[in-house]
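The same chain A turns up in both complexes below, where it pairs with chain B and then with chain C.
Then we have the complex of A and B:
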């Protein structure tokens, strides 16, 4: 119980930090919104009214508290460019992003674990060297280059021309597969090199430990050693890796993939908000994703305890 | 811990690593050529026709505006090295300083504050953080650099902190303390130099990350604004490839790939050479 409480306290401090940083960057130092909102030829009184509404006449602490309250009540205001409430935009776009990014994220990790394990078991032999060479090549390819190559090879007349070039008209499993394939393949290719490399290191470290040697000396079968000792003991670093790659892969990745393929998910919304300087959308997305990620971290910490009772 | 001379000796026997170093050096010479005004100076002249194929005059052809793609891809080497060097050096120095402080004063409020800052920065999705910084700085050219430095130091910081915590209980540090040397002197003269191999590896890793990030940020409109970079060339090419013009794309992506490959090979060799577990090999 003390463990749970200390983790939650730690998480709350992180929430304080991420909201403070996004508040400082986007609200406190952000561009003055007054003239985006007032009409033409506004008189000083109207300007003062809008400034009051935006809280520009309030002290730092009050405005920060208001921002945090907005995030937690999901009362996030409306987009400057479309006028649509931000909470409705999120409700519309988040499911699209999850449907788009999850298959690639999961496959990238599963394949990474499989390749990392293969390499670790053949450490120093040609299979290991081959997989290593493949990882370094993958790590040297830019995300953008991978997307462009796959798009040309799979979706244009210059290649196989099997899939739509861009867009997201999904209404049944068939059309879902059609639109999700190229983004998923890109995501797998961009993450696989790094994942394989990381998981290989974890498994090499774990299989070199003394208790594995003892188990082998006692005549435990290779499969038993793999499942009971190597994989089970590697669970904590593997889980950490997966959790910590969520903001980088799922969120940052969706920004690139969705703006490239014109898919109406949260990444595209964010991209549009960046290019048009749509502050209400931007501050909501940055604040909420950071808070959500802190919650995921707390959850992971609690899960560790279940996986490995030694952790305190 | 492996001594520095041992690292170099092992590095010399690593053929892939040496090839990587050679590639990086060649690219550095290209960048130096651009800095000194010998190479790639006509990157913005629109002297050719639209989308001319590769030929004698324009080695890699021309782009939509009739600009020489060869000149542009060479000039971009300079952009890549500028972004890579600024970000990797500053983020490594910052990581070393904060990591050393946290490790030296471990489990005090200094350590807790630095770990908290690291936790916070690691929790904000990176591209969103860049977007927020760019938004706050109103599209300043160095918003990208600031954002990368502010986030890339965390890994270096974590590694240096762990190493410093190990080193500070070793005998030479204890004796330095016993004869009454001041803390900062011990930390910077005796402890930090022993983390040099970590810093070197982290610099190469941050260099690769900075160049790759620049490409994505430039495509998203958050990166390089004036000048040219491989990222901007790739952003241009996203429309061209659909119409069958591949020169821009091929030039930028191949140069980018070769440089990153060189850095990754070199970085790998460094990591292998300074790994104490492979000391016996």
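Then we have the complex of A and C:
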């Protein structure tokens, strides 16, 4: 318990630090919405009025204190553009992003682990070279190119015309599959290379350790070696990679996927907030991402202890 | 063989993890599903028009309808007093909610407007009993007042600023809605009177804008800040859903029944006879049950979606022009597309121009008369070095309308004979100008060209640099000044920090007053005169013309003002883009991205088959 409390205390300090830095960046270097909101023939008085309405004329300390209070009370204010409460925007868009991104995220990691294990198992052989070649190819392709090519191949009359190009009219598992398949394939193709390379390196390092040789010498089966010794002992880096990807998926989403497939998730909302300078939305996303990272870090630390008792 | 090779545990691992993955995805999917379970059976027979836009509105409050996207939605969800005739070109005013054109007093100061009887707002919880009430003249008064209330963050006040008696004072005294504005009165429920400070012949045009759309006070009070996403109007459609990717509008079943008249709308059988519009005669708009609008900024995605049949309308991305067109001007589609789609080249109601910051003594006005003359020579040399043909060819597919000056072809006062069309390039003369005025590679000023960062903007900058290189302007003296967002760019040029800035101006109404005001001295930054141009003769002519009704005399004044700006070399201008619009032949419609704009939605109809209008889906 003391360990958890200490982690939470550190986490709180971390959140304050991250939010302060990001707030400074937003206020001093971030987009200023004033000039997007003023009319065509504004005079200095109107500009001052808009700045006042946006709260830009408030002292920095007060603005930051308000921001922290908003984060802790989860009263995140309303979007400057649409007037919609930010909490409702998040409630509306985060589940969409989760539904969109999770299959690709999970499959990308599962396949990455599988291919990484296979490559490690056949290290130096043609299977390993094939997987490595495939990974490097995947890493070299632009996400944008992958999206457009898959759209053309799977969703237009130039190709198979099996899936919709855009949209998110999800009512049941059937329609969900219809709309999520091409984005998921895009996500898998773009992440698989990176994942495979990473997991392969982890598994190769682990399989070269003494305890693996000992297990093999003792006659342990290949399955046991793989499951009990290689995979289990590699769980710390595997878990770290997976866990720290989660906040980005949940909060930031994927701008490209959402934009190109016309999916109303949090990624597109965040991007629009950045370009338009909608600070309430931006502050909420940045702040919640920081909080999510801290929570994930605490959770990951606890899980480390679970999977590896040597960690104190 | 090692013991590793004897089994294939990977399969087992994949199976287990896949199972886990499917379970998690299923759990996550359910809350992510669109909650609006549609009544598929009911809607499958509905007629649906699928429209695409290359941008998205962030607010549906008419007070914030500053973008073309927001305006498209505003004029469909709300009523304006006037609109433009659907088919007449040049554009002509037509009463919308107003019951006829305004009655104007002899001195041009008092406008009396009657509104149509029996028009109701849509049913909404904002009203007692959730029942939409009748639209009253008082609602218009309230809607215009909102533009002047700082709390609204309105963007359209400039249209009426200093124009309506007492309105600016109303704002100064605290924007109290209970306080009357002398120049803005509802004489009764259906009669409105506007009293102007001085004649403003463009007033009726401003009443076609989304900014002037009529909102009920109850809804603004009820929804507060969220009114921007809860539109409550009396337009032909009402909002069903709205998010960052799309908007769905459904027919307003209480919309007034007005028989469509080809003659009233300005139908031209010779140029529009092939569109199937005759079938609309006598029927009441709107003709579609639903309008689904996709906001697709990405050209490739928009095109793929259109080709896949998901969209009925598209503004064709420039990158596709070669694949789509077999002839540029007039545009003609390739055979495969021509079978299913109509095409038009829609001239934009505005223009793109690159202004010199006349407030910058390095390139603009200089207190020393001699240096002032030298600066003018420098600007003229830059303008003469600019190759509009190449700019048009590379960035506008060669179909942009290149012209000289500040009155674009969409304005009725445009005169192609007045100036060189397209602007001629004269490198020899440009070089001579520089030499004659003592400019050389050493003393030429560093040119800072501002733009919002994008690949296209960067390419345009590089092209400008190459043009100027041809008159001996050192490349290292032409520098980019980039900004991450348009807001930042606007902040810089409105604070007079940018030396050379490219501006796209979309005209608010078809009257050259809307573009000549861009160079009127008192409108200098942060006003719309971003060039900070200030010429006493020009200013005097602007004031003289400002109260004049459209006439040959006024046109002559505008053209003289145009010539003054050209002679002063204050701007590198310009080009009006032509947009290639494609739409499904199954629809009877003439789309427009210009002054008619979003008003055309109500007239979109499924192309008729025997027996009258039929659904497309």
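Here, the second predicted complex is superposed on the first by the 262 of 312 C-alpha atoms of A that agree within 3 Å, B and C clash if a C-alpha of one lies under 4 Å from a C-alpha of the other, contacts with A are read in each partner's own complex, and residues count from 1 in each chain.
Definition applied: a residue touches a chain if its C-beta (ideal position, glycine included) is under 8 Å from a C-beta of that chain, and two chains touch if they have at least 3 such contacts.
Keep in mind that what you see is a predicted model, and the values were worked out from it rather than measured.
A.B. asks: In the overlay, answer first, second, both or neither for which of chain B and chain C A:158 touches.
C.D. replies: A:158 contacts both chain B and chain C.
A.B. asks: By the touch definition at the top of the document, which applies to A:275: first (chain B), second (chain C), both, or neither?
C.D. replies: both
A.B. asks: Go through the superposed model and pick first if A:18 touches only chain B, second if only chain C, both, or neither.
C.D. replies: In the superposed model, A:18 contacts chain B only, not chain C.
A.B. asks: So, does A:59 touch the first partner chain B, the second partner chain C, both, or neither?
C.D. replies: After superposition on chain A, A:59 lies in contact with neither partner.
A.B. asks: In the superposed arrangement, which partner chain does A:42 touch: chain B (first), chain C (second), both, or neither?
C.D. replies: In the superposition, A:42 contacts chain C only.
A.B. asks: Which partner does A:110 contact after superposing on A: first (chain B), second (chain C), both, neither?
C.D. replies: second
A.B. asks: Who does A:141 touch here: chain B (first), chain C (second), both, or neither?
C.D. replies: It touches chain B, and chain C stays clear.
A.B. asks: Would you check which partner chain A:248 touches, where first means chain B only, second means chain C only, and both and neither mean what they say?
C.D. replies: First partner only.
A.B. asks: Regarding the shared-chain residue A:309, is it in contact with chain B (first), chain C (second), both, or neither?
C.D. replies: neither
A.B. asks: Looking at chain A, does chain B or chain C touch a larger number of its residues?
C.D. replies: C
A.B. asks: Show which residues of chain A both chain B and chain C reach, each in its own complex.
C.D. replies: In chain A, residues 31, 148, 151-152, 156, 158, 165, 259-260, 274-275, 277 are touched by chain B and also by chain C.
A.B. asks: Which of the residues in chain A end up touching chain C in this complex?
C.D. replies: Touching chain C: residues 31-44, 46-47, 49-50, 52-53, 78, 81-85, 92-93, 95-100, 102-103, 106-107, 110-111, 113-114, 117-118, 121-122, 148, 151-152, 155-158, 161, 164-173, 176, 180, 216, 221-223, 225-227, 231, 258-264, 268-269, 272, 274-278 of chain A.
A.B. asks: Once bound in the complex, which stretches of chain B touch chain A?
C.D. replies: It is residues 116-117, 119-129, 131-136, 138, 208, 212, 215-216, 219-222, 231, 234-235, 237-238, 241-242, 244, 246, 249, 253, 256-257, 260-261, 263-265, 268, 277 of chain B that touch chain A.
A.B. asks: Touching residues of chain A toward chain B in the complex: what are they?
C.D. replies: Checking each residue of chain A against chain B gives 10, 13-14, 17-18, 21-22, 24-26, 29-31, 136-137, 139-145, 148-149, 151-152, 156, 158, 165, 208, 244, 247-248, 251-252, 255-256, 259-260, 270-271, 274-275, 277, 279, 282, 285-286, 289-290, 293-294, 297.
A.B. asks: In the complex, go through chain C and note every residue touching chain A.
C.D. replies: 2-7, 9-10, 12-14, 17-18, 20-21, 24-26, 28-29, 31-34, 37-38, 56, 58-59, 61, 64, 66, 150-151, 153-158, 161, 224-229, 243-246, 294-298, 300-301, 304-305, 307-310, 484-488, 490-491, 494, 517, 523, 526-528
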